[in-house]
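Each structure below appears as structure tokens.
Here subunit A shows up in two complexes: once beside subunit B, once beside subunit C.
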Partner chain A sequence: MRSGRAYLFVSPWILGFVLFTGGPILATVALGFTKWDLIGSPVWVGLGNYARLFRKGSEFWTVLRFTAFYTLFSVVFSVGWALFEAALLNSRGVRGTNLFGFFYFIPAVVPMVALTFAFQLILHKELGILNYALSLLGLREGPNWLVDPKVVVWVVVVLNIYTFYAGQMMLIFDSALKEVPKELYEAAEIDGASRIVQFLRITLPAISPILFFNMVTATISSLGTSFTLLYPLTAGGPGKVTQAISLDIYHNAFKTFRVGYACAESVILFLIAAGVSVVMFATSKRWVYYEV
Partner chain B sequence: MKFRVSIALQYVLMVVVAVVMFFPILWIILSSFKPMIEFSVFPPRILPSRLYWYNYAEVFAQSKLLIYLRNTLILIAGNTIGTLLSSSIVAYPLARMRFRGREFIFALILMTMMVPSYVTIIPQYILFKQLGWLDTFLPIIVPAFFAYPYNVFLFRQFYRTIPKELDEAARIDGCSEWGVFVRIIAPLSRPIFITIGILSSIFWWNEFFVPMVFINSEDLKPLSVGIYSFSRTTFVVRWDLIMAMATVMLFPPMMLFLLARRYITEGIKTTGFK
Partner chain C sequence: MKRTIVLGVLLGVFIFAGVYAHAETVIKYAHWNALPQDPYNYVKAFEEKNPDIKVEFIQIPEAEYSQKLRSMAMTGTAPDVLCLWEADLADFVRAGWVLSLDAYIKESKELSLDDFIPAVKQLMELQGSLYGLPWCFATEIAYYNKDLFDKAGVAYPGMDWTWEDFENMAKKLTVESEGKVVQWGCDAIGFQGLWYSLAGTFGDAIVDQEGRFSMGSGTKEFLNRWVSLTNAKVVASPQVTTSGVVSADLFMAGRAAMAFNGSWMTSVYKDITDFSWDIMPLPKAKRSYSTLHTGFFAINARSEAKDAVWKFIEFCMSEEGQELINKAYSNPSARLSVLKKGYYKVEGPKGPRNWDAIERTAEFAEWGYVLLPPGLTFDIVKDFNAAVLGQMSVDDAVQQAIEKAIDILGEERVATE
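Let's look at the complex of A and B:
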């Protein structure tokens, strides 16, 4: 009886799950075995799309390699930066952390698409303020940040520090750091341990569960939000060097209407995300705080 | 002495980080007051030569900024009302009732949070095409009425902090589950309603991908997609107008954060624990 009542409450989500998440995942898997341009009927091609994705010298390898690079280093930079910000806000003996915290978080709440226009101006090779600043420091020819293939891939991963999830992680680190017992630092201080040693020996072990949690969050978020940063900024270019899988799915599905092929790509992305989630759930006992 | 140096160093680092984080926003605002000619001077000017307000008049005249703004507000209203209604209801039994399959449902909800929207977008597009909903607001608003996992999670976490005795007493007095939810849990959960309302508004002010897929008509585009399409319609990139439009886009979420910082930060921190 009460079970039935409970399911009545949950029913909107169950319906939504079937219509907008679960059902579409199954449909994506099914369509991945077809060739379809959205107009006629889908034609069964078996594993044909996957064979094309993974054949030697296929463009998808480039996409996959960049996606792996982008995800890995977005996580490294955004997690590292968020922890650095939180550590600064929690350093002893400094004031005004409330004000600084405001500036550290503010990029997270504004539209990324607006910021991408600022990045294009700031990073312009000849007219950008960044290269001008570098020239004052003695660098005569600044990098072509968004055009040089070797440079742009690093630029786009570093820009992840301005995303919503980076701000989110900063706040989570901030509250985690506040929970580390102060006595530990006082004891270390008396023993003459430097700030850096204290950070490595006390802070890092104390927040390691949160660190791991944030790394998983960052992986999922960077996979899930790459389009919003990359599409307005580089549109996958120059050439295809910043073509993450999200952009490739969008392009194949909605620009060239190779729907079956795009669905096969989506399946690969789903497997990557599912793999990360499995790791998260499998190890969650070790790092999730159950306080209640 | 050593102590002083390290404090000073910390302040320097804190200021440098603040500048790094705020500079793009500052640059948009400063640039919005520059006439077009000042975008091609070298060395770049930090401050505009004078406050050139004309960019704002011109961007309102030359782009569909007001229409984009209206569309964004519609998306925010629809999504926020939808998710507040549905997510608050769905989360209730997950936090307050015992029933078979509860852990499974909750695990499934958490797992769907991990699925990138790019994975489900193509079948969704086909579904909405069948329904004749493409190029309308419906594909972007209707799913909100079926509860977003992230918000269900936030509601559940909040409900768990409300003392169990309250609803048990009400049940003994013969209150139905729906009555407990409407009369006791929901009124006590005002803070989380506000938090999710604010987070949802900010999210839909910023969201780019979903409207990019479902909206084609210029008259239905929200700001996020509108500024992008505006940047591509002019023959030369009109940085002066784009920056004015971007400034208009920056202020509402910044103001909201300034006014409701506690709600936003507390809401986000809940996701990190428990």
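Let's look at the complex of A and C:
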């Protein structure tokens, strides 16, 4: 009777999960074995979509390569940047850190579409303010920031620092840094440790669980939600240079109406995210300290 | 007691009769644009003329329009009146989701097929029947800055200008200062459709009479010429295009003497106050060609109020409805008799003046690439841009376009030269 009542209480969540998460996940896996253009009934093609994805010369290889590049560097860059900002906010003897915190966080709450549109204008080769500023410094021909394939991949990585999750990570790091016992720094100072040594030997180990948490969430965000940055900023171009897998899924499902193919890509994305998370958890035992 | 029962029955009859007397047919209508404000609100105008029909309007954002309508149609919840994009119309016809309008138009006192621009008949022939009527149309044209032409002493382009004329003008209008281009002969291609329209002027069918993707030697010739002009810095470098449109416009900034763009840009450029400008058809290479854009009014095959839906479509396509629509969106009517009235001509202080450019273009323009899935055409454009930037050869870009078309459409829907 008691357990029946408990099930009753959790049933809204279970129902929601089955209808809106579990069901669609199963449907995605099933549709991955079909050909379907949102018209008529799906046609069973077995592993056909997977074979097409991984065939020689498939553009999916380019998509995977960029996804790996983007995930790796955007995680390193955004986590590093968030930690750097949080460290600045926790600098000893600095006044007005709340005000700085406010300004550091502001870009994270600006809607992504507005932000990317502003960056399209800033980075425009001929009319953009960045190339204008560079011309004042003597650079006659500024780069074509969003169109040159060698440059644009780094631009999208750097712009990650303006995403919501980068701002969120900064706040989490900020509160973690405040929790590091001050005595440890005082003892290290007496021993003559420099600021860098203190950061590497005290700060990093002390906040390693939080660092690990932020790295896992940043990795999953980069894999799954890169769409919100890339779609309005470059739409995956030039060519497929910045076409991350999340963007490619949307493109195939809703622009070329290859729903089965897009579902197969979603399954691959899920496997990649799961695989990367497993590796991260496995290696975390070596460098994450849950007790200081 | 008896008296109470009788009174109750009478009251019931009165209520029922009242409800019946005010019964109205409700039809649902979806569009990607918001309804225009008064006095151009054509839905309101229709309701005033037909008090027994109420139109429930649904606005679906443009970015989701196609997939939303498909999922609605699949689940049997599609609106009664559909305004379908060209590529969607073909798929909706294939799925049997829309009704043929042949019988309706035959009986219509208001509309005649002979009164439509030629492309409507072409589409009807392609699909074997008339399934949709274009709510208005837009096309792709050339824009030029008259002040920059005057300053350089270059004669304005004529209605029959050629690709050679364009190249010569663009070169003369390019200005360099201290080794840097400060004025381009022509802006980079800003709207993705122009790649197809300009390639079409070099002879490629783009979409042939059987509805197959058809790009090849004409596209190569156009791309090679465009690459040369870009490398010579006569044409500006390509910019990032998201959703097929660039965010910054050198023509509007007065830094490009010419530009190719959609006719809808007249409603944006009309606010220009610092230079005079005008419009022309696209330059002719092997033939005159441009692309038409529209949405087609169609009847949902599952609608329970088909006659009311037709009444609404007929009103929208009538001169009264077209005048409201043309004025509200600055787009011309696909009905020749209404087109001549020029309701769409909304001029700014500095341009445009040569409205014949749009009407002339309507005579030769085709549906072309808009009949293909937007994902395919957008993908191909990204490769064309890559070719212009020297990231791949023109031959590879065209070959890749054909392979992509085969991959997405299937071999049977791709014409090989």
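Heads up, the rule we're going with is that the second predicted complex is superposed on the first by the 269 of 292 C-alpha atoms of A that agree within 3 Å, B and C clash if a C-alpha of one lies under 4 Å from a C-alpha of the other, contacts with A are read in each partner's own complex, and residues count from 1 in each chain.
Just so it is clear, a residue touches a chain if its C-beta (ideal position, glycine included) is under 8 Å from a C-beta of that chain, and two chains touch if they have at least 3 such contacts.
No experiment lies behind these values; they were computed from the predicted model shown.
Aligning the shared subunit A places subunit B and subunit C in steric conflict. When both complexes are overlaid on chain A, the residue A:232 reaches subunit B and subunit C alike. In the overlay built on the shared chain, the residue A:46 is in contact with neither subunit B nor subunit C. In the superposition on chain A, contact of A:93 is made with subunit B only, not with subunit C.
By the touch criterion stated above, A:220 is placed in contact with subunit B alone, subunit C being left untouched. Judged by the touch definition given at the top, the superposed model places A:192 against neither subunit B nor subunit C. When both complexes are overlaid on chain A, the residue A:266 reaches subunit B alone and has no touch with subunit C.
Shared-chain residue A:256: touches subunit C; no touch with subunit B. Residue contacts after overlaying the shared chain place A:240 against subunit C, while subunit B stays out of touching range.
Shared-chain residue A:38: touches subunit B and subunit C both.
Annotation for subunit A, partner touching more residues between subunit B and subunit C: B. The superposed model built on chain A shows that, among 129-137, 147-155, 183-191 or 255-263, the segment of subunit B colliding with subunit C is 129-137. When the two complexes are superposed on chain A, the residues of subunit A that touch both subunit B and subunit C are 38, 117, 121, 126-128, 231-232, 253-254. Subunit A makes touch with subunit B in their complex at residues 2-3, 5-7, 9-10, 12-17, 19-25, 27-28, 31, 38, 84-85, 88-89, 91, 93-94, 96, 100, 102-107, 109-115, 117-119, 121-122, 126-129, 132, 161-162, 164, 167-168, 171-172, 174-176, 195, 210, 213-214, 220, 223-224, 227-228, 231-232, 245-246, 249-250, 253-254, 259, 262-263, 266-267, 269-270, 273-274, 276-277, 280-281, 288-292. Partner subunit C is touched in their complex by these residues of subunit A: 37-40, 52, 117, 120-121, 124-128, 140-141, 144, 146-149, 231-240, 251-258.
Interface residues of subunit B, counted against subunit A in their complex, comprise 3, 6-7, 10-11, 13-14, 17-18, 20-25, 27-28, 31, 39-44, 46, 86, 89-90, 92-94, 97-102, 105, 107-109, 111-127, 129, 143, 145-147, 149, 152, 160-161, 177, 181, 202, 205-206, 208-209, 212-213, 223-224, 227-228, 231, 239, 242-243, 246, 249-250, 253-254, 256-258, 261, 264-265, 268-269, 271-274. Touching subunit A in their complex are the following residues of subunit C: 64, 66-67, 70-71, 74, 91, 94-95, 178-180, 236-243, 247-248, 250, 253, 255, 373-376, 378-379, 382-383, 385-386, 389, 391-392, 407-408.
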